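Each in structure tokens, the structures are laid out below.
In the two complexes below, chain A is the common chain; its partner is chain B in one and chain C in the other.
Showing the complex of A and B:
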């Protein structure tokens, strides 16, 4: 009797808590406004944006893309593992995902520190105002995503999720993938396109 | 290894290749409308894969994938329009 109802819920709702998806849509809207503002401002300052873009460390940007993609893959594998009730493997994949997020933060901090040592700040010019604020806004989201994943990992490590009950894991995973999705646009926009 | 895990591994490989291509286009100085279109097309493919397979919105009620993929395409379209107009 319960099967059709459960199947119906699974088909109609995204993975995890519905509230996180409302939050994800709000976050995507905020980033969308940010990206649009960047593009519109660039239209009036093309030479400045193109010149300043060359001062960014594109290798660091690409490395950070790899960290976030790898982190997202690990978290997706964690969800796939728990669906098979492989609890230890699920926790292990989650931990790798958190470490990948840590790698992103370390690289970004090196990037920020190089810019600050060169005397660059929000007031340097319009491009750097966008670069610093946009990437820092995303940086804070990575930290929040890692805090969520850490809380999920603590429960997963204790065997708190199973094939039948992994709602919390899917909720944390959905948020983490959103952070990855935003960077998929941010990297080419700020570091590459000209 | 189950089919879902294999699919996730394959998608991870595609995402890495897409990232390498984007990086290479930047390193080799690709610029202009065609380069912008190519880079945004790569981002569209990568984003759609993340939404459908990592976020697991494939097979879910059409509202959710439409909202998130719609956001992706709208933002990429705005970027393309802005760059083409500003180039």
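Showing the complex of A and C:
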């Protein structure tokens, strides 16, 4: 019997593996604590933070935001493609996502080298302690996200995912979106908001 | 018992429990010395009692980990141990070295012991928890390397599972970080800096991996839940542990002369250290709730659940209490630290070793589980020891809060010794809780000799 009432019920569950969601929530909590600490500390040192913020390279930050959003879009396209069983397209979109991540890393490295050349380090002042710690912590997550996407891509490339089974792909994609989400908070918070 | 060579674990477990008794007896001696300063003086001064109390703990936990590994790895790898003979030989070397060290502590004044054992060749002694004379330290390295060789070769020749790989990672980390006990720079800041690479990266890093692996192994056995599910949890816990624990080392770097950013890094990352422990609690209860069989060994299941809860409380909650730099500024090195230390060591490492012993020992003695009577007695021991440690922790926390107030916050702060007199009541209560703990431990040992109807043969 196919009662419409039952057919209408959609079971909602987060895409990907439950374990990655435990991990994502823990990551968001870690960044959340870091952001909160930043905000509270800034409240006590508004003048210093405002002055130092102007020394950051906002254009590089904006460019990196574009890279990560574009990357997330590519990964979303990849998931959409596999749902239609377009395996080659799905793998291709993943590769674009990884490239976007690589672009982020390159821009960030230029930014870091400019800061280090200017003699800035963790002990320069509280603002730069936060800037370097937060962005580096996130930087490492971009690398981890790329490693995960690369592993997913390797399997996708060999045709390992299909419309019926793409659990692993959604798991990797979920993690990547987290990396993007954190940056979308980090960029305005540290580079822009005054 | 599926593999004959697993039986070497028995030796390690028995010695571990023996040293556990010594640890508790010396704990009671020093607990009394807190309120009766000249108790047993000059035969067992406070510093010696403390050294035996802490070192016996570390050595018996290491014995327990080794025994657990010798039991667990053949079963996970589905093959006999690479060399059971080597395992037995290392056991005796380790036991004799430990016994000689304790005898040395008790009979020779510490400075004399240092001279006697060649500390001037390579000075490594005199640092808390790493007091062992040079020959003992070298012995630990030899025993650890041979042990690791034995275990690693077993894993390499057999089936490789996530549990055995996480266990190996933890055990190798344990050995590698111990090497920093040989590094003793003159600069006191650097000295402390690397001292924590042994002390902190053991208990808040690699030991947690060992804990996770042992807990996962026992949970698979007693619940029958799919290995795949349990391993997934294990990976999440391991990752969270390493992320929070490694940088969390910073919570020891606040006041030792390191750059200021450690106050931030240490506070933020160690504030997150309860998360992996919380995950471990959820893990244990989830798996037991989803159990697909009723294992006859109820006591082992109780210990496993207890590990989940008590490690979260002791390591997670009591650690968090004083981990933030602005709080630690006042609480550093007070009885609050002692409270945390007692519950964390008991809740995480003592309990996980007892979980493994509880599960494996009946099997090593030829039955799936002990008689109902013996299990009831073991569960009594569980509750006596666990409740006693909760009270020890609460009394020490109370003593610590009062100590911080009188000695560091009050308008006219008191001296250290005057403060100690003021908190003496709590020390007395702690000592009585310690007596209850000893009774629990004796009941525990008694449960091994308790006769009764055996359950199904292993």
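The definition used in the following text is that the second predicted complex is superposed on the first by the 183 of 194 C-alpha atoms of A that agree within 3 Å, B and C clash if a C-alpha of one lies under 4 Å from a C-alpha of the other, contacts with A are read in each partner's own complex, and residues count from 1 in each chain.
Everything below uses one rule, namely that a contact is a pair of C-beta atoms (placed from the backbone, for glycine too) under 8 Å apart; a residue touches a chain by one contact, two chains touch by 3 or more.
Quick caveat, the model's predicted, so the values are computed rather than measured.
With both structures placed on the common chain, the touch criterion links A:58 to chain B but leaves chain C unconnected. Within the superposed three-chain model, A:79 lies in touch with chain B and out of touch with chain C [touch as defined at top]. In the superposed model, more residues of chain A are touched by B than by the other of chain B and chain C. Shared-chain residue A:26: touches chain C; no touch with chain B. Contacts of A:17 after superposition: chain C is touched, whereas chain B is not reached. Residue contacts after overlaying the shared chain place A:143 against neither chain B nor chain C.
Legend: residue contacts after superposition of the two complexes on their common chain; A:69 is shown touching chain B, with no touch to chain C.
In the overlay built on the shared chain, the residue A:114 is in contact with neither chain B nor chain C. Look at A:35: by the touch rule set out above, it reaches chain B but stays clear of chain C.
By the touch criterion defined above, A:88 reaches neither chain B nor chain C.
According to the touch criterion, the shared surface of chain A, contacted by chain B in one complex and chain C in the other, consists of residues 29.
Across the complex, chain B is touched by residues 11-15, 21, 24-25, 28-29, 31-32, 35-36, 39-40, 42-44, 46, 58-59, 61-62, 65-66, 69-70, 72-73, 75-77, 79-81, 83-84, 170, 174, 177-178, 180-181, 184-185, 187-189, 191-194 of chain A.
The touching residues of chain A, when paired with chain C in their complex, are 17, 19, 22-23, 26, 29-30, 33-34, 37, 122-123, 129-130, 133. Only residues 2, 4-5, 8-9, 11-12, 15-16, 19-20, 22-23, 25-27, 31, 35-36, 39-40, 42-43, 46-47, 50-51, 53-57, 59-61, 64, 67-68, 71-72, 74-76, 78-79, 82-83, 85-87 of chain B touch chain A when the two sit together in their complex. Chain C meets chain A in the complex at residues 232-233, 235-236, 239-240, 243-244, 259-261, 264-265, 267-269, 271-272, 275, 279.
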